[in-house]
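Order as written gives the chain letters A, B, C and D; numbering starts at 1 within each chain.
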Amino acid sequence: MTKLAVKLPGLKLKNPIMPASGCFGFGQRYAQLYDLNQLGALTIKATTLKPKLGNATPRIAETASGMLNAIGLQNPGLETVLEEKLPWLQQQYPELPIIANVAGAQTSDYVTVCQKISGAPNVKAIELNVSCPNVAAGGMAFGTDAQTVYALTKACTAVSQVPIYVKLTPNVTDILPIVQAAEAGGAAGFSLINTLVGMRIDLATRKPILGNGTGGLSGPAIKPIAIRMVHRVHQISKLPLIGMGGVSTAADALELMMAGASAVAVGTANFNNPYACVDIIQKLPVIMEKYQVQSIQSLINDMVVSSR
Amino acid sequence: MTKLAVKLPGLKLKNPIMPASGCFGFGQRYAQLYDLNQLGALTIKATTLKPKLGNATPRIAETASGMLNAIGLQNPGLETVLEEKLPWLQQQYPELPIIANVAGAQTSDYVTVCQKISGAPNVKAIELNVSCPNVAAGGMAFGTDAQTVYALTKACTAVSQVPIYVKLTPNVTDILPIVQAAEAGGAAGFSLINTLVGMRIDLATRKPILGNGTGGLSGPAIKPIAIRMVHRVHQISKLPLIGMGGVSTAADALELMMAGASAVAVGTANFNNPYACVDIIQKLPVIMEKYQVQSIQSLINDMVVSSR
Amino acid sequence: MQQRVLKLKAQQQIAPNTFELILSGDVAALAYQPGQFVMLQIPDTAHLLRRPFGIVTIEADRLHLIYRTVGVGTKLLSQCRSGQLLSVFGPLGNGFPTAFLKPKQEVLLIAGGIGMAPLLGLLKRLVAHGIVVTIIFGVKTKAALFYQLELESLAKVYYTTEDGTFGFHGNVNSLIEAKLTQAHYQAIYGCGPAGLLQMIARRYQNHPHVYCAVERPLACGIGECYACVVPARQQNGYYKACEDGPVFSKEQVVF
Amino acid sequence: MQQRVLKLKAQQQIAPNTFELILSGDVAALAYQPGQFVMLQIPDTAHLLRRPFGIVTIEADRLHLIYRTVGVGTKLLSQCRSGQLLSVFGPLGNGFPTAFLKPKQEVLLIAGGIGMAPLLGLLKRLVAHGIVVTIIFGVKTKAALFYQLELESLAKVYYTTEDGTFGFHGNVNSLIEAKLTQAHYQAIYGCGPAGLLQMIARRYQNHPHVYCAVERPLACGIGECYACVVPARQQNGYYKACEDGPVFSKEQVVF
């Protein structure tokens, strides 16, 4: 195993870095910039049962060291993803593990998508998105209620052919019951954090800038919250974590791993630097050397995160 | 009434800008920089029954467009505040309304401090700090439980001679029950937001940077969350709001007011620019003119915040 | 579509709040169509989103942009001095379709304010191919005009100002009404505020070649994030301004 | 204690990761004591906290600082070029006490690495007042030394390097052990890593005049936020590094 390689349920990653769901689409345009085989894995845009048009515009607004988005899970729907997007990735990058981000408005939607998408040969894991703050039905409403998380996770793990990582929302008073519920439901790991609910007001119109009113806050602004959430979940659960939130450098990625993450997803940073993922992968060995990290797998194995 | 003046329960403010609790101490050093009479009001550092030494060091860490603090409510205690700090302010700035931020480890502490501090002639309102994320007992644990908030608010309003603003934490799944509890307990208004729980890890030691482990995230990074919380509470409560969170310019202050705040507190910005409060006060008329705001009071009176 | 670090070679104000920016570096090999754009990184890390600007021209090692300061990013940009390094990503998107045009044919360019920037590059290309160009350049007030000499040397130019301080007094629509109802053009190209583009689409609704460049807030700039969608005109759905546009025909989208 | 916008006049690297920075502007009237500090705003709005640096000297319209690049703020600072405007807040805190000294008396300055910066200003003042100064300048390796000629022109200087590449091979403690156990000084002033300051406090525990400047993360810089506390030595409590320090006597705090 190489210095950067890491193993998680369902995922043998050549390095711990992957794009975060929704910030990389299905990878086709980024593939024009660089060889996606360099990535540890690729998390696709949230996929729903039917095509989804998403929210009214404007859908994004800038904030200090962050951004709000209210895309509203626009995506071409399960059929197109199965017939076009995943086969394209399979053909171009047969070795690249795909993590399928799955969303829905009701349990049966999630179940159908999990069942079918987990049959795709390159989908090695599912990221169960119960934490999108930008849709009225499903999404975050699911992820803040322990009972719902339990039932949904259980229903999805029952039909999925690949391990399921439950994607957690930071918009909760206490993450503990949610984590326990997902564990009881058979989650193989967690992925965190999704965005924080935020808003910006347009001074000229005195109305919210975003068509949806509120949006999800991402980017370096939320990194300290991501680190804290990863740290907390790592202390209360033995399951592996895919960490994300504001990572834009190799040092950020290492910081999340030292908080307890076994792999790291990069979202908003792709917009600032379209080469963010590969830049981080390239610089990871340098920063590991600086901080005497022999290998990512050993870092994870030995990690006992102190609460100080 | 002038363009900038605004009236809230207990508070006649010549302008809506005040320093946020904990970022301005008791004003004595800032008084060496400028005339504190320019401020709308002054919120003092959290005051507890007994002197408090606070948390282990380091107590702060920088984050992208923000900072973490885990001061742990270090303060000289009620007696010194009553005998030295408030009298000094009273003598130097007899016209300056003081808002006393009150914290405690148990209900009886809060009650005693509220009773006594509300008797000080210049204390015009109390900010009930049930939202400090940096102390083990009291603080945020109080502010995330509706029943506790109700009981505490009720006990404090019973003894206080001045209106009580309950300071809310954003670290909750849903603010609605907390808001309703504080209203039922007799709150005159709300003050929001306190900091968000966050963490940073030191790559060299692989431990949290802060002595306390976690800290509270403040600064421009959290402004979109503050705007959203103010907007939300404004929609569910008729009580006036003192808004705060990442305000560093007059435009930021206006944005919070357009989200529903009647006055605005400035915290972290004082560290970046020690003249932040007066700079904002000076520029407020300019930005009001730009966006056709006749007066702050009319803006507040007419404010119907759309959810879009 | 590539990322380059370019050096600020020269920057000057050419009208109130309007700047001309010349960046130099390894750009000579970048093929582009007028209407395509680049995304500039703002040299302040609190501002994550790159700002899109239409390419005016790329000549030898120079990339030429024109922009208006509207918010904090463009303000910071306008304060950059020579020697500043800026990360530039592009060319992105699709330019103005011109393949159907033949020398000596006439076209109309309609610019609202800073909307002239991407049309400038188009103008040069068209003239170089022997196309005869008429321009309508509408602004709020005389001071906002720029590049008049250059425009007039290449095309017939009509100016309109909202306050009547120069040229026709009124908006672009009333100018056309007054002066250009008889004219016929092989193609109409527009760029400017949404209201102007909507007016163009209405006025020339039966014209087969009406193309306008839209402005939408962008995040990825390459079609992967769904931030920038524009409602499709015919079906229930969206186009992406960054990848499918920013130039659209009036049949494709609701401007 | 004031805020000024100063202009970067000159900046140069004087050792690996070590820079000398000259800012110019309206500073002539600012009275200061060596050991006091200023807080610089980092010219990137994502970095809110000002960075504290000891004042080396203020002469006429020039503020002179020396700093080491340790993190992102100092790195950004080191990339600033002439003409850059920087907001400077200060002088803040308390300098090294010297009122008790008389001409011809001898004092010892102990600097660890960049800890030499605030001691440089002190050295100049002391020499100007006829005090005889001995310096110990301890660094990791020869290359990290700076300002040797200037130091040697004003004081007797002992160098120690951890790797033995220059001067005494070892740390400051072993140098004192080897060469200075017999010497007596009216005062001892120190600045450097916590370990060095603790060693100084231990070694000179019975000396009445031992003063060291500490470094702690600061937020407000003026005593209002309780970010920067240093444990008091005698009672259960804290001093504030920014307001009560950064120079403390060994009796006041646990370095």
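FYI, contacts are C-beta pairs under 8 Å (C-beta built on N, C-alpha and C of every residue); 3 or more make two chains touch, one makes a residue touch a chain.
Note that the coordinates shown come from a computational prediction; the quantities given were computed from them, not determined experimentally.
Under the touch definition stated at the top, subunit A and subunit D share these contacting partners: B, C.
Chains touching both subunit A and subunit C: B, D. Looking at B-D and B-C side by side, the one with more C-beta contacts is B-D. Using the mean of the Cα atoms as each chain's centre, the chain most removed from subunit A is D. If you average the CA atoms of subunit B and of subunit D, the two centres end up 36 Å from each other. One inter-chain figure worth recording: subunit C and subunit D are separated by 55 Å, centre to centre, where each centre is the mean of the chain's CA atoms.
With centres set at the average Cα position, the gap from subunit A to subunit B is 34 Å.
Centre-to-centre separation of subunit B and subunit C, using mean CA positions: 46 Å. Multi-chain contact residues of subunit D (touching two or more other chains): 45-47. The multi-chain contact residues of subunit B, meaning those touching 2 or more other chains, are 61, 64-66, 219-220. Taken as a contact graph, the chains are fully connected, with every chain touching every other chain. Residues 22-30, 32-33, 45, 53-54, 57-62, 64-67, 69, 71, 74, 219-220, 268-275 of subunit B are the ones touching subunit D in the complex.
Contact residues of subunit D toward subunit C in the complex are 44-47, 81, 83.
Contacts from subunit C toward subunit B in the complex involve residues 45-46.
Those residues of subunit A lying in contact with subunit D across their complex are 64-65, 220. Here subunit D touches subunit B in the complex through residues 1-3, 41, 45-50, 87, 89, 216-217, 219-230, 236-238, 243, going by the rule given at the top.
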